[in-house]
Amino acid sequence: MRRSLVFPMETDNSYVELVPQKNLDMEAFTLCMRVATELAKGNREIILFAYRTLYHDELNVWREADGEYSLYLSGDGVLFHLPELNTFQTHLCLTWDSKSGMAAFHVDGKRSVRKVYKPGHKVQKGGKFILGQDPNSFLKDFESKQSFIGEITDVNMWDYVLSDAMIEALHVGKRMPRGNIFDWETIELIVNGNVKVITEEL
Amino acid sequence: MRRSLVFPMETDNSYVELVPQKNLDMEAFTLCMRVATELAKGNREIILFAYRTLYHDELNVWREADGEYSLYLSGDGVLFHLPELNTFQTHLCLTWDSKSGMAAFHVDGKRSVRKVYKPGHKVQKGGKFILGQDPNSFLKDFESKQSFIGEITDVNMWDYVLSDAMIEALHVGKRMPRGNIFDWETIELIVNGNVKVITEEL
Amino acid sequence: MRRSLVFPMETDNSYVELVPQKNLDMEAFTLCMRVATELAKGNREIILFAYRTLYHDELNVWREADGEYSLYLSGDGVLFHLPELNTFQTHLCLTWDSKSGMAAFHVDGKRSVRKVYKPGHKVQKGGKFILGQDPNSFLKDFESKQSFIGEITDVNMWDYVLSDAMIEALHVGKRMPRGNIFDWETIELIVNGNVKVITEEL
């Protein structure tokens, strides 16, 4: 059994807070999720993941209005050109490592080019992780035109970089290694507004 | 061996009535069929399935003129953005559950996003199920510009929601579970007008 | 473990020199590499591989501005129409044989049409092999608008033509036969400018 989050419509108040298992400064991470949306390319930007501390957007993942994907670690972002999201589930992972600055997406198990982004940077602890909205201040000031519509499941996060082979295995359904920041099987979710939590068979 | 229905041309009088095994108020359903058509996107709407009681369109499935797919349960419908039907067979399933209101298409075994549609609604019993035409009144008043042209086979229906894994298995040829509203292997078909019933090897 | 070269940005001074195991006049060759780039089709030409002697471009491989691929053996080139490179790794091989003049690309293990190109020609020894830039004179005069941006790994070269089956096997990960001009596992690389050498698990 697995929980799946359905965001049925555009709103400025529906979101899900993800409660992390540990609260740490991150010098590396792997973030994975399965995403389906019918918001067609070129329409508007879509927030896919937001982690915000009191004064900063610490780690945001976007599908930009022009169809590109982006990662922002407090400040300027880095862009990737990936296949379009669609009504069927796409397995999306994102890795980043402070030491080398290497960032890459993995789409259905295939890695994008690596890009050098903010070597030496650290993601600060003490923030809130949310799906569905982009907080312009701490858990408020949401814009409906940035909200997510569609379905998200299997959100897992690690404080290290998984290998290409491990991510390929996750894509085809392996459930190891379990996320040590978020583990979707046990994660505590705090639902706000119009979000349906479905329990689905696997 | 399996029967396949060929609708060779645009008409306002050719259709096939499907005789159900039981006649019940439906609080959930799964409807599957294999469909091939060369009516290209954008041309016109195409009726894929119609269930009508004396005064109401109870359950209609359309390919809309703009290429979207829709489900109508007496009243406003819900739209899905799916890959285009084409000259090859597409395995199309549609699920809906009154309790949650969750509706989804499955195209060749892959599920679309789920949408919330008419939670608490019930599909009324006592109607007629037809392929090929949209009845604007009870089994008459057909419009040729809405008729289906192409081929339909393997129409099965259940009064419950099949799991993603079961639908994936049906797509690749598994013939279980057998439909409890329609079972294509044993279904009684009442053919009207210019529709060819082909028996094909599997 | 395998080294991977990341060229993060457009420059006119970043390149990697590959030191060959032997220095010979080549009457045939197979050149393979894995390449990922987000430089979209139609933007500009991209140098994929350059081998230059003091006065001549001896063996250059390009992605042309119009999306075609080309091989130049000192003088006019030969063009191939192949699938577009993208953010995921493409396994690209190129074979040429002086006796027949047969040239062909292999993309992810699938061979292109063969083309007849410069039968009787010989590739001269004594040059420099480089990735990332096209030298308009001997290891200088680079143009940033021709530079490579993205990721290259698994560059191997042989002084004979590998069979289609051998190249298909290399594509799926077989590491035999080892390149006798370049063997990526042991090759000496001389890095210049902004190129990151990543060591990745396999």
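All chains are identified by letter, namely A, B and C, in their written order; residue positions are counted from 1 within each chain.
Definition applied: contacts are C-beta pairs under 8 Å (C-beta built on N, C-alpha and C of every residue); 3 or more make two chains touch, one makes a residue touch a chain.
These are the chains along with the protein names UniProt gives them: A, B, C = Pentraxin family member.
Treat the numbers as computed from the prediction; the structure is a model and nothing was measured.
Peer 1: What graph shape do the protein chains here make by touch: line, ring, star, complete or other?
Peer 2: Looks like a simple chain-to-chain line, open at both ends.
Peer 1: From the centre of subunit C, which other chain's Cα mean sits the farthest off?
Peer 2: B
Peer 1: For which chain is the distance between its Cα centroid and the global protein Cα centroid smallest?
Peer 2: Smallest offset from the overall C-alpha mean is found for A.
Peer 1: Between subunit A and subunit B, tell me the centre distance in angstrom, where each centre is the average of that chain's C-alpha atoms.
Peer 2: That pair's centroid distance is 36 Å.
Peer 1: How many angstrom lie between the centres of subunit B and subunit C, each centre taken as the mean Cα position?
Peer 2: About 53 Å, centre to centre.
Peer 1: In subunit A, which residues are in touch with two or more of the other chains?
Peer 2: none
Peer 1: Taking the complex as given, what residues does subunit C use to touch subunit A?
Peer 2: 4, 6, 8, 36-38, 40, 86-89, 150-151, 196, 198, 200-202
Peer 1: If you look only at subunit B, which of its residues touch subunit A in the complex?
Peer 2: Against subunit A, the touching part of subunit B is residues 80-82, 100, 102, 105, 107, 110-116, 163-165.
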